[in-house]
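Got a structure for you, written out below as structure tokens; questions coming shortly.
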Amino acid sequence: MEKKSPIISIKNLHFTYPDGTVALKGVNLTIQEGESIALVGKNGSGKSTLIKHLNGIYQGDRGEITVDGLPVIEENLQTIRGLIGMAFQDPDNQLFCPTVYDDVAFGPINMDVDEMALHKRVQESLEKMGLMDLADCPSHNLSFGQQKRAAMATILSMRPKIMIFDEPTSNLDPKNEAVITEIIANLPYTRILISHDLPILYQVCQKVVVMDDGRIDAIMSMEDFITNRQLLRKNGLDFTFKCDCCNGHNHEHRHNQIEKKSLSF
Amino acid sequence: MKPDIDRYWRLESPIHSWDPRLKILTLIILAFSISSVHHISTAFGCLFISILILQLTKIPFSFSLKRLAAVTMFVGPFFLIMPLTVKAQSGDTIYFFTHLKFLEINTRGLLLAARVYLKAVSIVLLTVPMFGTNRFDISIKALERLKVPNSIIQMLLFSYRYIFVFLSELKRMSLAMKLRKFSPATNFHTLRTYGNFLGTLLVRSFERTEEVYHAMLSRGYKGILKIRFEYRAKAADFFKSSLIFMAIFGIIYFDRFFKGF
Amino acid sequence: MDKKKALIHLQNLSFAYPHAKQNALNGIDCKIFTHESVAIVGPNGAGKSTLANHLMGILLAQSGSVVIDEILVRPANIGYVRDMVGLVFQNPNDQLFCPTVREEIEFGLINMKLPSREIHDRVTESADIMNIGHLLKKPAHHLSGGEKKRVAIGAILAMRPKILIMDEPTANLDPYNEKVLTDLINSLSCTKIIISHDLPVLFQTCQRALVMVDGQIIRDFSMQEFMDDQDLILEHGLDFRFKCKCCKAIHPERFS
Amino acid sequence: MHISDGVLPNSICIGGYLATIGISALCIKSKMDTQELPKIAVVTSVFFVASLISVPLGPTSVHLILAGLVGIILGPMAFPSVMLGLILQAILFQHGGLTTIGVNSLMMGIAALTAGCIFKGFKKSHNRRIIISVGAICGALGTLLAAIILALLLVTAGEDFYGVAKIALAAHLPVIIIETIITGVAVAFLLKVKPDLIGVKLQQ
């Protein structure tokens, strides 16, 4: 089998904030095309700082990053930002234009997509997110779930190769949570998810990257991670107490029954 | 308080269909012409023209009337102050009280205040047809086509967007304070509370700006906001503008050469 | 049971927002007794927050009545109602604005015009309960999400409300902090009303569940009965089955 | 604090517009790379919203002016920020008139710039008390200057407006006290929570 070159490769990345906080202390990571990565770690372990290096929002003090074969340097930034779609936690920060349409068009316009293709892309992204009727709506009039979807549409319209999500399901009710999880799980891109919500990580990602204190602590498969109680607890992801209420209520069983019924008819 | 200038932009009227560039340009010239008026009779004429334009928009008059509250608050005191403070000139009528000699009421002051008020109201009423008949962002985009620098346009659009975010933040925070039995009064506790409150809003906004800016960079922002604007001026648009210019000419002629009444 | 006096008594409460086609609350009847902890669940837009706003006197009944501790909620009694009921917002940032945690807790007490000794005692007490004594000198702004949440609850608790309403107390917390907070909530002795989507948390903290749909309370039963009623849970989008799938992977032994 | 339409002669209004455009252009050119635009815009909207807070003053209430605080936080960019705020106010709320955006920007903007300059001189200080006091004084000064410029502008409308000018100036005296305290408290808050926001580096 021929060895594919990684879509993202990070070598020995160091970064210190202007105020003196050392955020990254030598990160090494490669991600292959098509992988879905869960990036977990305590608050302040450097997850958000790391992903903001991928498209050059922060520039490391030392080390090198390549994205799709391109080194992340000034000349390539515009191309790389077209390759990476980044969804921020608070959709209010991502929707800064007067209308949803303008917001979805913002990325492609900056990538110099021409007028006809632009309209098509915007329509397509809005349709995918089920927001066709709200294109001309100011984003402050949307519900929180709609805002989250609009924020995703703004990066879909850029047709990226890699999508990065920071806490995609925070603050959503279970219904919207399921909708967003479903959408993310079915995206045909390389994905990186930062989240405290173990179930969504479990559904979407196959591989887990654990960060601690500016370094990569461990890289493992989702199955291994989820059974490692100690690691889960260390990263504030221990889910056990929620299980108490699953206990004794065998929902899975019940669900199977419902499905069986529908098959027999 | 919630900005609701956008409420009626979907109506259909000759003013709504007017090219926003010509509309804003023409009406701002009209506003300055009204501001230059010297005679109270012309000021009444201006008010008439403003109301006429306003009626053409089909926007309910009561909506525009609400916008007069602020003007009334600022100019209202003139009606009290000016009759008492205007220097007497020949031809003025002055009332005074036999026992309070220092209290002289000059009717010319009252007229001056009325003139200022009429002019202010006429101009304020014009902002409704100017900016209330297009979606706010389209009006602002029109300003870019009128050669307002891109940097200013960007900042106007972003500020406008985040005003709503902070308004709802302010609303939730002041409700939380009210529920903790805070009732503002003229004392140090109130001022300290507001000072801290303001500081909190600022800190939170600064943290937000960082994220917003990063979100923009991620989508390829390079310092210039590319603006799409699809209007084309037609003959009807120029016709509407020339009608207003005739009105402007009428106002100036009546005020300067006919010397009003 | 009937002889016991209700702490909160809602009678045929209805409310519609201006310009709305439907009533946000539609004939709510309900009694809540002292020391109960009640979960209010339901999909978005079911009227949960509107109901909470009535208990705080933020909104006033358009028809029907809200009686708290035998006092009718109406404009003249708002001050009394707010002494009785404390509301913890979903986002602690909406509640915290003081330069230090201590001032944050003091704020409500100063508004109540308590003497400074009393204020001091209550701050210490409330900080002890919520385990935030070590944070008193810090700006609330720099705390973690879980700490902020505890400060927000502590600030309300210091005002010693008889009824504590919490809106999504565990939103945005990681499972560890969720657990910490759930335990703290369980240790509080006042009457609690918790609005949440998070069934596992509700299951841990409440004995009784009110299920709201379209402005009405469609079920009022024990938490256990609620958890057993899977059809109801599925129907109203409160499903957490896929979370259980995750539990199963972590603890295969429990589900064998 | 605003001058309404129709008070001042047109020459002053137009002059105000030109001066405002000139000063804004200078401020933007001198200080800012275009990267800062979204940040200034977001802070402007906070000040816009903050100016809607009304503070009780005896039987009436006043809205905050905050010229001093704008200057402290934004430095030279305070002037364009004030102008943006006034444009938005004219369109959204009708607080300031259309024809007087220029003069109103001059009034508030010059006050803010002055306060900003004075505060800048004390940023290096390591003494908390000094910084807070200077902040409070800047708050007072911002309001006082704005009130004086307001009065001077009213005087240009002619002898008939002298009385209005005097009373407007007097009416702002209690507002100065309010702004002093609020600005002082806000500066103390920022000093404690996020000192780099006002450009101060305190040693721990």
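We just call them A, B, C and D in the order they show up, numbering each chain from 1.
Definition applied: contacts are C-beta pairs under 8 Å (C-beta built on N, C-alpha and C of every residue); 3 or more make two chains touch, one makes a residue touch a chain.
Not measured: the values here are computed from a predicted model.
S.K.: Chains in contact with subunit A and with subunit D: which ones?
M.R.: Per touch definition, common to subunit A and subunit D: B, C.
S.K.: More C-beta pairs touching across which pair, C-D or A-C?
M.R.: Comparing C-D with A-C, the pair joined by more C-beta contacts is A-C.
S.K.: Just the number, please: Cα centre separation of subunit C and subunit D in whole Å.
M.R.: Computed value for the inter-centroid distance: 41 Å.
S.K.: Let me have the rounded angstrom distance from the C-alpha centre of subunit A over to the C-alpha centre of subunit C, please.
M.R.: For subunit A versus subunit C, the centre distance works out to 31 Å.
S.K.: Nearest whole angstrom, what separates the Cα centre of subunit A from the Cα centre of subunit B?
M.R.: Going by mean C-alpha positions, subunit A sits 44 Å from subunit B.
S.K.: Where in subunit B do residues touch at least two different other chains?
M.R.: Where subunit B meets two or more other chains at a single residue, that happens at 136, 157-158, 160-162, 165, 169, 196-197, 199-200, 203, 208, 212, 216.
S.K.: Residues of subunit A that touch two or more other chains: which are they?
M.R.: Within subunit A, the residues that touch at least two other chains are 96.
S.K.: Which residues does subunit C have that touch at least 2 chains other than itself?
M.R.: If we look for residues of subunit C contacting two or more partner chains, we find 99, 141.
S.K.: Show me, using the given definition of touch, all chain pairs that touch one another.
M.R.: A-B, A-C, B-C, B-D, C-D
S.K.: Show me the residue ranges of subunit C that touch subunit B in the complex, using the header's touch definition.
M.R.: 56, 58, 79, 82-83, 86-87, 89, 91, 93-99, 103, 107-108, 110-112, 141, 155-156, 159
S.K.: Within the complex, which stretch of subunit B touches subunit D?
M.R.: Going by the criterion above, the answer is residues 1, 3, 5, 28, 31-32, 34-36, 67-68, 70-71, 74-75, 77-78, 81-82, 84-87, 108-109, 112, 115-120, 122-124, 126-127, 130-131, 136, 139, 151-152, 154-163, 165-167, 169-170, 184-186, 188, 190-192, 194-203, 205-206, 208-210, 212-213, 216, 223-224.
S.K.: Hey, which residues of subunit C end up touching subunit A in the complex?
M.R.: The contact residues of subunit C facing subunit A are 43-44, 144-145, 171-179, 182, 197, 199-200, 203-204, 227-228, 230, 237-251, 254-255.
S.K.: Inside the complex, what are the residues of subunit C that reach subunit D?
M.R.: 99-100, 139, 141-142
S.K.: Mind pulling up the subunit B residues that touch subunit A in the complex?
M.R.: 6, 135-137, 140, 157-158, 160-162, 164-165, 168, 208, 211-212, 214-222, 226, 228
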